[in-house]
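Here the chain labels run A, B, C and D in written order, and each chain numbers its own residues starting at 1.
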Amino acid sequence: MSTPSPSLTKVAIVGASGYSGEELCALLDRHPMAEVTAVFSRQYAGQSLGEVMPRFTGHKIASLVFTEADPAKVAACDAGVVFLALPHGVAAEYAAVALKAGKIVIDLSADFRLRDAVVYADYYGGEHPAPELLREAIYAIPELSREAIKTSPLIACAGCYPTSIQLPLIPLLKAGVLVPEGIVASSASGVSGAGKKAAVDYLYAECNENMRAYGLPRHRHLSEVEQQLSHAAGEKVAITFIPHLSPMNRGIHSTIVATPTSGKTVADLKKVLLETYANEPFVRIREQPPETKHVTGTNFCDIALFDEPRTGRVVILSVIDNLVKGAAGQAVQCFNVRAGLPETSGLL
Amino acid sequence: MSTPSPSLTKVAIVGASGYSGEELCALLDRHPMAEVTAVFSRQYAGQSLGEVMPRFTGHKIASLVFTEADPAKVAACDAGVVFLALPHGVAAEYAAVALKAGKIVIDLSADFRLRDAVVYADYYGGEHPAPELLREAIYAIPELSREAIKTSPLIACAGCYPTSIQLPLIPLLKAGVLVPEGIVASSASGVSGAGKKAAVDYLYAECNENMRAYGLPRHRHLSEVEQQLSHAAGEKVAITFIPHLSPMNRGIHSTIVATPTSGKTVADLKKVLLETYANEPFVRIREQPPETKHVTGTNFCDIALFDEPRTGRVVILSVIDNLVKGAAGQAVQCFNVRAGLPETSGLL
Amino acid sequence: MSTPSPSLTKVAIVGASGYSGEELCALLDRHPMAEVTAVFSRQYAGQSLGEVMPRFTGHKIASLVFTEADPAKVAACDAGVVFLALPHGVAAEYAAVALKAGKIVIDLSADFRLRDAVVYADYYGGEHPAPELLREAIYAIPELSREAIKTSPLIACAGCYPTSIQLPLIPLLKAGVLVPEGIVASSASGVSGAGKKAAVDYLYAECNENMRAYGLPRHRHLSEVEQQLSHAAGEKVAITFIPHLSPMNRGIHSTIVATPTSGKTVADLKKVLLETYANEPFVRIREQPPETKHVTGTNFCDIALFDEPRTGRVVILSVIDNLVKGAAGQAVQCFNVRAGLPETSGLL
Amino acid sequence: MSTPSPSLTKVAIVGASGYSGEELCALLDRHPMAEVTAVFSRQYAGQSLGEVMPRFTGHKIASLVFTEADPAKVAACDAGVVFLALPHGVAAEYAAVALKAGKIVIDLSADFRLRDAVVYADYYGGEHPAPELLREAIYAIPELSREAIKTSPLIACAGCYPTSIQLPLIPLLKAGVLVPEGIVASSASGVSGAGKKAAVDYLYAECNENMRAYGLPRHRHLSEVEQQLSHAAGEKVAITFIPHLSPMNRGIHSTIVATPTSGKTVADLKKVLLETYANEPFVRIREQPPETKHVTGTNFCDIALFDEPRTGRVVILSVIDNLVKGAAGQAVQCFNVRAGLPETSGLL
């Protein structure tokens, strides 16, 4: 492994105050090779990171002072890599300016995940803010698009639900062992997935001792999942996806039901996944149903498959931490790949 | 409504110390017409109910003293109706003796839910303890089998998951608006569903901040669900059913994916359910995704349907409180039907 | 017991959409003698209660339509009793107008709990909105001020923390068995106590897996506690009170440390409480540490006392459900007392 | 800093399967200088750590195979340092044999925390299993006994509650700014503090939505707290200590009420703590009430002080993660001190 260019280990974070941004701060603070040199925020400009997020007091990162979030200021900072932990629609402008300034952009928002601006408008309700950049962007789950990440200037990290669904399904569809029709994904997320915004729906007393589906009939994440599954299957794939809110802070549990192609068994499917992920540090194929607590605070995705001879279907279970492998951890993993660092740096 | 026979309003509870039994005590304590005259327990014989379950101190029921659980003693008590809140395999013996003594038996266990002793052995692992009684027993969800309950001496209350799945599906299958193949039910239950037994798997620190599937590939409740769906469809129905444990005390959330029969829309399905349940006090058809908290502590089942034109399928959501409509509440509702009382007595 | 005047069983609720208001709706809906004839809300005027609070669909109360909250409209309604579940500072105006219209007012806010408008201004930060009514108001915990409640037109229900602290302490101070100096009360509340307002501090992901003190150095409830303890002790009492937020929906747990007067033992204190509450349906003196779950959803207050010979102090534990005995249940109990109904109506 | 002796960086863990043991595995796995060379367990002998604790699959530590726990085998292993994460009463025998074999013992149990075998017998109910070792043992909280830890062969890590109480109180008592009489500590712990043993009391459905005090009138941890506070004050100190169980996995919140000595203010007390902990990496003096979530998964202790002019007392709040600063983290910190490593190694 060659020594990374110094500029690529200086990083900036825009939008550090949400849950994904906070997790990004935690991961980069203990990253042995990255140095956070700037943090940007509209709300907290002028305050130190330690003041805004008391858990960081005593950590290196705590003394950084928030600069006012502004695309020009982000472009002018000394970091070679800019992480965007911003709402969709807002990230694009920052990305455009930072790219022009020669920076690598790692975007945690949904702005550059879709190849097609029309689909974006359909799902996200508004014209795409920078459609000209869509072609440059790489849809990024390192296990599935590592090579492209290595050279891309604009890395669009996959969403949380989509990561949990694609890691098991993409290799199976590519290998032709899974019927692309009739796939059902029923997923549950911890409440941090809803973000750190004041809203009655996400109050403790509304979410605790409660479980509910939401986002029906078409959650936004469906668009990126279907785009990527279709690409893997070589044909248009439409799936049923039902997200739920579960009373926990973190974790995504996806339960996927699908049909093996004729003559294929669950053992064949498992073999495909074992081979695909044999050397991957963050994907674990399990014998027992995976539990979200086994991946809490980690960048792992745990997957298990179960046969259902009565129906001829297979049940695939997949769990991640929505804030780590589903957001900040994936972004750091992409950063490691892009900067030529060991992929597990700061993550294991 | 005729005055009920006095003996039918004197009731006994066997196995009051589990979560379903405790809920049964709570419901019957405030029931305006039932009188609990005896409670039986192996573990707590000689102690008062108030000592064993401190929440009941100050309630009428608290002063009852547990009699040692023994079939002969149950048969000899003065109650006309006996509720069995016992583990499967144990309930059958009590039922047999109580029936011989002329009592009505309302069983919350799985012992009399299956028509076929072979299926019982297959799913519950052991010969059925009283196969001769299977023909007498009524599989009981009052909304779906009210008439039979009115005269049956042996009422086998449906299980928790099965109730949440059958209430939406049975009328649709009967009406022929749903394809019986390819049904997927992904359900999540609160941890009280696992019962009040000391086991590391159900410790607070194991279940909190965690979500996991279990019971794969064949949860026991699958047997009764398929029996009843097959009966409704008039053909053998095999479904995919995946239960999960969610970090909450109470509640079941079932997410069901199915296909309308040719030419049928979600509006047609909804119409069937609205008509079927038009006069039912405990089933509510919703426009929005139902939330388990809306039914916590109640005997309601809330159901909503969502169209999915992209796949031609329909998503059906159903929620109940596993300890009420999924256990004790359903048992009391059966009791009301059987005793000729207003069906909502003690439940609304 | 004489037949209550019909007008006293027709009741109105103003501000039904918060957590206390919702609990009040639930309790009054199943109250055998009260009839809710009007509900008022600014936010929901024109909508039915069932639309706004889906858990009530199918209940009698669900069909009531919210009238716009306005003191004149409240004064003009046909109810003889008006429950105010409004923020402090807002309740007073409604109370004034409703009282003039001859109605009984049962106020769940803090507006009429203090005898002294100066103390109100000091603790609640603003001039008292209706100081002339303070003299008319009764500070109401039925167990401690039942006689006054029977005839008062303006019943100021005690706060949640204060109820849990006063029920054990007032009788002990009155009996002279407790030293009024040096009392420490460390209390924890479920998050519903913070109300149903959108605020980041009360988001699920902020409160779950977290415990914190707040309201230091002087929580507002301190003012009413000290007023009432001083009255009971016959001298000015200043206590240390530290409220905490605990990750649960409901429940208050108060841990009180105090010193018996010379020569008195924990047995003497216990005797005072046992005698005081011998005939009270909602206070239970326990041998074991009380648990909030034993009172969840009930109007009970459970109390236990423990000796500490090493320090000469006594530890008093007290638990209530903050939304029931700490708010709506207490209000209904007051209503029962005021309307001449059995005190447990709708509560047991 | 001199290079540590190699043998001191090879470590063994006895009793890795409880919650403290698991946390110890996690911390030592990512420790940059320690190498876990052996893990011992009665229950899991022959199984790999990864099999027993699935969260570790893919980590270095996962491939270690449990050796049967046996004092002789522990003594014979190649590690220079042995961590004992065993129940009290069991740890002593292992310690005795390991010490004889020349190993450093870091004990997480209560076996060597008390100086006096009589007090041990009084609080822990049984003769001390190795009283002759009590004199050798160091009661260890590195911030308060660092020098002694550097050379001790037997390091008795302080308990979880005691750490949260002593870190604020010991410096204040030593400085003579706090009255040693009348101290009250009301603490709440997450349920992992109860350990990983199957017991109905710690089931999810028993602990969730519940809060309760326990261990009254004398929790075992009181013995070590009073021993250490007395030592600091130079006189016998008796405090009131009430532990509670709070519905969360991790975290201890201690609320301490005490009286400053004549003429001293909260500012004086704060100054003492700020000076004492000026260079300590793991103690943070806060302005706002500390929250357990700010220390979850960390080795920090956060402390804040609040004045109470109305009573002349001071309220001191202190939070830690019971499994980290209250157990495994403290043990690793002690290890770092003893092995001459940077004290924050593997902890920040």
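Here is the rule we use: contacts are C-beta pairs under 8 Å (C-beta built on N, C-alpha and C of every residue); 3 or more make two chains touch, one makes a residue touch a chain.
Every value quoted in this text rests on a predicted model; they were computed, and no experiment measured them.
J.: Going by the touch criterion at the top, tell me which pair is linked by more C-beta contacts: B-C or B-D.
T.: The greater number of contacts lies at B-D.
J.: Using mean CA coordinates as chain centres, what's the chain B-chain C distance in Å?
T.: 37
J.: With chain centres defined as C-alpha means, what is the inter-centre distance between chain A and chain B in Å?
T.: 40
J.: Distance between chain B and chain D based on Cα centroids, please, to the nearest Å.
T.: 46
J.: Where does chain B touch two or more other chains at once, residue-wise?
T.: 190, 206, 208-209, 247-249, 290-291, 293, in rising order.
J.: Building nodes from the protein chains and edges from chain pairs that touch, which of line, ring, star, complete or other describes the result?
T.: Complete.
J.: Would you tell me which residues of chain A are touching chain C in their complex?
T.: Its residues touching chain C are 19, 190-192, 194, 196-200, 202-209, 247-249.
J.: Taking the touch rule as given, give the residues of chain A at its contact with chain B in the complex, in rising order.
T.: 182, 184, 186, 188, 190, 206, 208-214, 216-218, 238-240, 242, 244, 246-251, 253, 255, 257, 289-293, 296, 306-311, 313, 315, 317, 319
J.: Contact residues on chain A for chain D in the complex?
T.: 30, 54-55, 57-59, 209, 281-282, 284, 286, 288, 290-291, 293-295, 297-298, 300, 302, 348
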